[in-house]
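Given below, in the form of structure tokens, are the structures.
The same chain A turns up in both complexes below, where it pairs with chain B and then with chain C.
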Partner chain A sequence: MTVRKKSKGNPCDISRASNLTLSIIVAIIAIICIYPIVLMFMISLSSEKSILLYGYKFFPSHYSLEAYRYMFKVGYQLLHSYMITIFVTVVGTILSLVISTLYAYAISRDDFKYRKLFTFIALFPLMFSGGFVASYLVNSQLLGFTNSFLGLIMPLAVNGFFILILRTYFKTTIPAALIEAARIDGAGEFRIFYQIVVPLSKPVIATISLLTAVAYWNDWWDPLLYINKASMTPVQLLLQNTQTNMQFIINNSSSLSSNSVELLKHMPTQTAIFAIVVLATIPILCTYPFFQKYVVSGMTVGGVKD
Partner chain B sequence: MRKKIILILLFILPVFIFNSCSESVSKKMGTSKNPYNIIWYTIGTHQKDLQMVQAKANEYLRKKIGVELDITIIDWGVYNEKMSMISISGQEYDLCFTAAWTNNYVNQSMRGAFYPLNKLLDEYGQGIKKVLNPYFLSGPRVDGELYGIPCNKEVALQIAYRFNAKFLKELGFSLSDFKQKEGINSLRSIEPYLKVVYEKMHDHGVIPYSIWKDYSYLLPNQTYIFGNSGVPGAVVLEKDNYKIINQWETKEFMDYLKLCHEFYKKGYIAKDAALVQNSNAEVMSEKFAVDTGQYQPSADVVWSETAGYKIISFPAFKPIITNTTVSGALVAMSINARRPDLNMKFLNLLNTDVYLRNLLQYGIDGIHYEKTGPNRIKYLPAHNNYIMADFTLGNLFITYLLPGDPDDKWEQFRKFNASGKPSQILGFNPNIIPVTSAMAAVMNVKKQYCSDLFTGTVDPEVVVPQYLEALKTAGLDKVLGEMQKQLDEWVKTEKIKKAVTKNK
Partner chain C sequence: MSTTNSEFKTRLSLNKNVLYFLMLLPALIWFMLLSYLPMLGLVLAFKQFHFYRGGFFHSLYKSKWVGFENFTYLFSSNEAWIITRNTLGYNILFIIIGTALSVLLAIGFSRMLNKKLTKLLQTLIFCPYFITWVVIGYIVMSFLSYEHGTVNGILKFFNMTPVNWYSDRGIWPYVLVTVNVWQTIGYTSVIYLASILGISQQLYEAAEIEGASKWQQVKFITIPGIKPIIIVMVMISVGQIFQGNFGLFWFAPMESGALLPVTQVINTYTYRALMYTSNVGMSSAACLYQSVMGFILVLIFNRTLQKVDPENAMF
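Let's look at the complex of A and B:
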């Protein structure tokens, strides 16, 4: 005991050598993560010709702001898409949180009779899903999601995995005695939920909301399926379309007829695509630092048992 | 128990609420009083002024035939996926763009996604029959039925060798130095030029002969059942010859592959040709000397304009008309279209009405363009808000000319079309459904071998036998046997048809 105390003040301290090695390893991983983002930024700054001649380079031979100028010119669509994405993210996250927390709280209570049935309903689609053709048929034909905000919001609104995380958290960190006490004080079910349970569960709710928001922000698959109108295209789909359009036209330019020149002239260039990527990633990148502590704490949420 | 039922009902209820919402939306369209709404999916990129042009077109169409357009432009890259989703789910629409290369015309027709047009064409499409090249109406038939109205453009395919004019001049060559003959001979005659290019310009990164991954060579005397020369199944272009062969077994094919391999070994073809997507990068960076392209009248001008420097060309063989060339761009009608008659009337108008056609193509006179002659226009700056792909909107031959176009542009196209020689199996579209799995296996094998062989990367004398062996294991004999059976049947019915029309 005494020997240990002498050499180390804190049992978590590590020796200088292993500290150094660990730091180097982490630094390398960090660089691997950051490199593509910086490269993307540098490509968006290089001139089109230098990409054609020398390929993608970290330090382009010719710098050019042409890509951003192009984006500025066709900016109305980008701006519009931004609005759509922000709207969908905000509304979707709130809706998703409301549904998930209420659902999870209900099945976390032992005195709820049908908790097993509902846990099963939440759990089942995690393991078996109907496949995407079936879900497309239901969503587009039966529910009429085509070209509506519902198509952007509803498919991601409920995530069984998040419900289970929330349920575990409610169950393990909120003592039944507390709820009972609140009941004795005369609080109804809703009051117990939003004045006792929600404030106590802030960390897990923050984590879930961050994950949901990122999922909504990055979603391009659902809009690809359900949205046909440019006026409702979110940023990620716009990006996807821009990219595939250019590829498609170039690959098929020989079978497209006389005005493919005209079409190509008005297509965004390689650099413009990277400029869009930069413009589409930066906002979500900027929000990360503020939420980071929740992301970290989110990893351990649901893993602790008392 | 009662509670459980209530719970279940609670779950189902939202479905009905949503459902009734969407139904009320769909009921809005197409009541008997209002003009009929034509829902039209087409390919392109979204245009800012589409609504404006559409409103103008609707004004005209309401008066003329009592319809309105509701055009949705779906992006190039996702068009194929989206249309297959839309048609599989049975969603309601009227018209859509289809072609051999996206929203596959033959497959979709066979699946029953499109409305058969033979009868409608006779009834309401007289104008189309008059203006379209007859091969366009006889070619894209599936089991004798027409399922789409093709865009009237170049009907024949002709591959041309394209040259960077600057290099040609610098190195002291001219087009007359090459044997402008059929097929492999003309490629051989280019060899001396490739050699000089390689010796003088290789150090500057110029690749003498640019070909790429999906490049597939066409022999002038063969036509391909599946529209792609890499996929086995060909018929030699001779009158009354209906025997399906495997082109990879023919001597001509082998000769060509050997020549390519020779070029590759000598360094005329890029080392990574089998991995490159297209020759675009080389063309745009002015590092190309020779490649190939699909010729059409005034193609040199178009190519030069795209590249930004002079490109000249000569054709590799005589223009041929095949199933692929006649199904380059069509407008098809959905099987779920509620008023096929009105749709057909509209299509007839689209192909014959100069005002409507040009309105949809170029936008509004005075806003997007201005007239400089009776059928010649000049773009105005607002043109940037309305750029449509011309081949998606029907008959090209009645569209206005642009400043750079020759006066007789469409006359040249007509002449080019007239010079095309139709293949004897034009109109035969094979049904691969009976041999689906074997066909898929064949396509997998093809993917594995074709790029390497066509780019000369591997020695054909070694690899072609391997390829043939792999094809055999994949079940090629079954596929070709089925095709031969279908072709024989097709020939029989064609003969009967011809006899009937003669007797009439």
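Let's look at the complex of A and C:
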């Protein structure tokens, strides 16, 4: 019996006892990682009263959907901000993927004469930058990013680190012979790229789209710098100063503006914040399962040299 | 015949280079406008910036040169030392603790036998990566809030006096390191896991036959195998060691003034200087200081590598 089991298992596998210990340790880390996120969800489901009496609890004494109901009642601004965020995330991710993969592909080909120069151009900013003040001035004064979709999309459109990951993948997994064969068959460089390279690079493209989408969805920095108009405010900017923004949200809930004072008085202060926090987090968290199977295989970082 | 053939070949390769150039052109324009143009803007540090009509370049050109005045102003304040200490201190802790823990975790993932369980735990540990710093600020608050926080709830349960954590400086270094590791560990461990999985299985099998223990395998196969990636990751972090993680230091302490001595980093300082006092000159000086110091550290790091471990030096 034991002999059969041994012959079945890989001799390099760790023993069952160490596997159990290891699994328990990793499981504890996983619980620590997920606990605060679940806690935030549970707080948003608490009743206002149970928080005032007993504080934030993982299992509140009374559950209530009041906070969500309230947010939907006054939520015109929230809905609008959602639209902005979704638009920016979708357009930004697509734009970013197209221009980054093209760049990474070009510098990954050994037959490109200037690949070293352009690799350097992409990676140097990871180690030296002009700083945020100069960036801010160039972007707002020269490129017109203020209160524009440009300000929400362009700053995150290219990322040197992602180009490094993409380049590594193209270099190590796309056989040069395959490209050569396609070329002999008369395919143009662009056609080779999107008919051969892209389909073969699904894992890395999925991974980079996930990382880019997360960066766009979670971006609070660029809106903080460039946006000061309600009509251009994405969710993360709305969240930043919820105390004042509660007023802001209510003022912009057009249909109800006449009785905004009344509305503000009945606001579930404690739980409403957490309801927005949850609403801002859930959509992007939900994208993960779709990408998950690609993430590990797509995240190989290579050396900078060669 | 052969001359025409080689001519054809050169023309083809010329053509190819042009096409490759066209492919990278869009992102190249991005790099020029959004990365390299601001680098020229670093001269702002030596100017007293004023806005003039006629756009950014005109303003930049017309602004008066003031030499090192902005730097003198920056470093004469007591705060220059504090923000440098905080930025460097925290980043060094993040690099050491973050790298060590995520490498260990990645090794753990690669060795666990039940693949389904591994996948599940990996997903859970990756989750904090999706949480934005604004939200993390509120999560920290749900633990540390004086009135309703869970930590004070536990203290009250044991009849201890609740603590006002947002003015208790001593605890914040621990809070910030914990939060930072919590947010990044899932992501970085996946990067290391990806490269561990790239190590040839035959190496482990050979080691097993030679009678090497599991720890020896980790020490002599896994760690050396992923060393190049660890070096790339650390190098990038070193380049940014003078940049504080703005989101973490801005949102986690909820802008508590009492905590500034332990939470103010160069980035939050320059942001405050620029937005609240419009001090373009001094903030630019701080930016230049950050960029140049970070770059010098990268060069030192690389030079050290060239001596100790030339194969893995970056350039």
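Heads up, the rule we're going with is that the second predicted complex is superposed on the first by the 249 of 306 C-alpha atoms of A that agree within 3 Å, B and C clash if a C-alpha of one lies under 4 Å from a C-alpha of the other, contacts with A are read in each partner's own complex, and residues count from 1 in each chain.
One rule holds for everything that comes next: contacts are C-beta pairs under 8 Å (C-beta built on N, C-alpha and C of every residue); 3 or more make two chains touch, one makes a residue touch a chain.
Remember, it's a predicted structure, so these values are computed and weren't measured experimentally.
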First (chain B), second (chain C), both or neither touched by A:Leu279: neither
More chain A residues in contact [chain B versus chain C]: C
Touched partner set for A:Asn228, first chain B, second chain C, both or neither: first
First, second, both or neither for A:Trp220, with chain B first and chain C second: second
Touched partner set for A:Gln77, first chain B, second chain C, both or neither: first
Touching partner for A:Lys49 - first (chain B), second (chain C), both, neither: first
Partner chain in contact with A:Ile86 - chain B first, chain C second, else both or neither: neither
Touched partner set for A:Val198, first chain B, second chain C, both or neither: neither
Touched partner set for A:Thr146, first chain B, second chain C, both or neither: first
Contacts of A:Tyr114 with chain B and chain C, given as first, second, both or neither: both
On chain A, the residue positions that both chain B and chain C contact, one per complex: 52, 114, 133, 136-137, 141-143, 240
Residues on chain A engaged by chain C in the complex (per definition of touch): 11-14, 16, 18-19, 22-23, 25-27, 29-34, 36-37, 39-40, 43, 51-52, 54-58, 98-100, 102-103, 105-107, 109, 111-115, 118, 121-122, 125-139, 141-143, 154-155, 157-158, 161, 163-164, 188-190, 193, 214, 217-221, 236, 239-240, 270, 273-274, 277, 280-281, 284-285, 288-289, 292, 295-305
Interfacial residue positions of chain C with respect to chain A in the complex: 13, 16-17, 19-21, 23-24, 26-28, 30-31, 33-42, 44, 51, 55-57, 59, 105, 108-109, 111-114, 117-135, 138-139, 142-143, 145, 147-150, 152-153, 182, 185-186, 190-191, 193-195, 197-198, 201, 204-205, 208, 214, 217, 228-229, 232-233, 235-236, 239, 246-247, 267, 270-271, 274, 280, 283-284, 286-288, 290-291, 294-295, 298, 312-315
Of all residues in chain A, those that touch chain B in their complex: 49, 52-53, 76-77, 114, 133, 136-137, 140-144, 146, 150, 224-225, 228-230, 233, 240-241, 243-245, 247-264, 266-267
Touch list for chain B against partner chain A, complex: 7, 15, 18-19, 21-23, 25, 41, 44-46, 48, 72-78, 81-82, 85, 88-91, 101, 153-154, 214, 277-278, 280-281, 284-285, 287, 293-294, 296, 298, 302, 305-306, 328-329, 384, 387, 389-391, 396
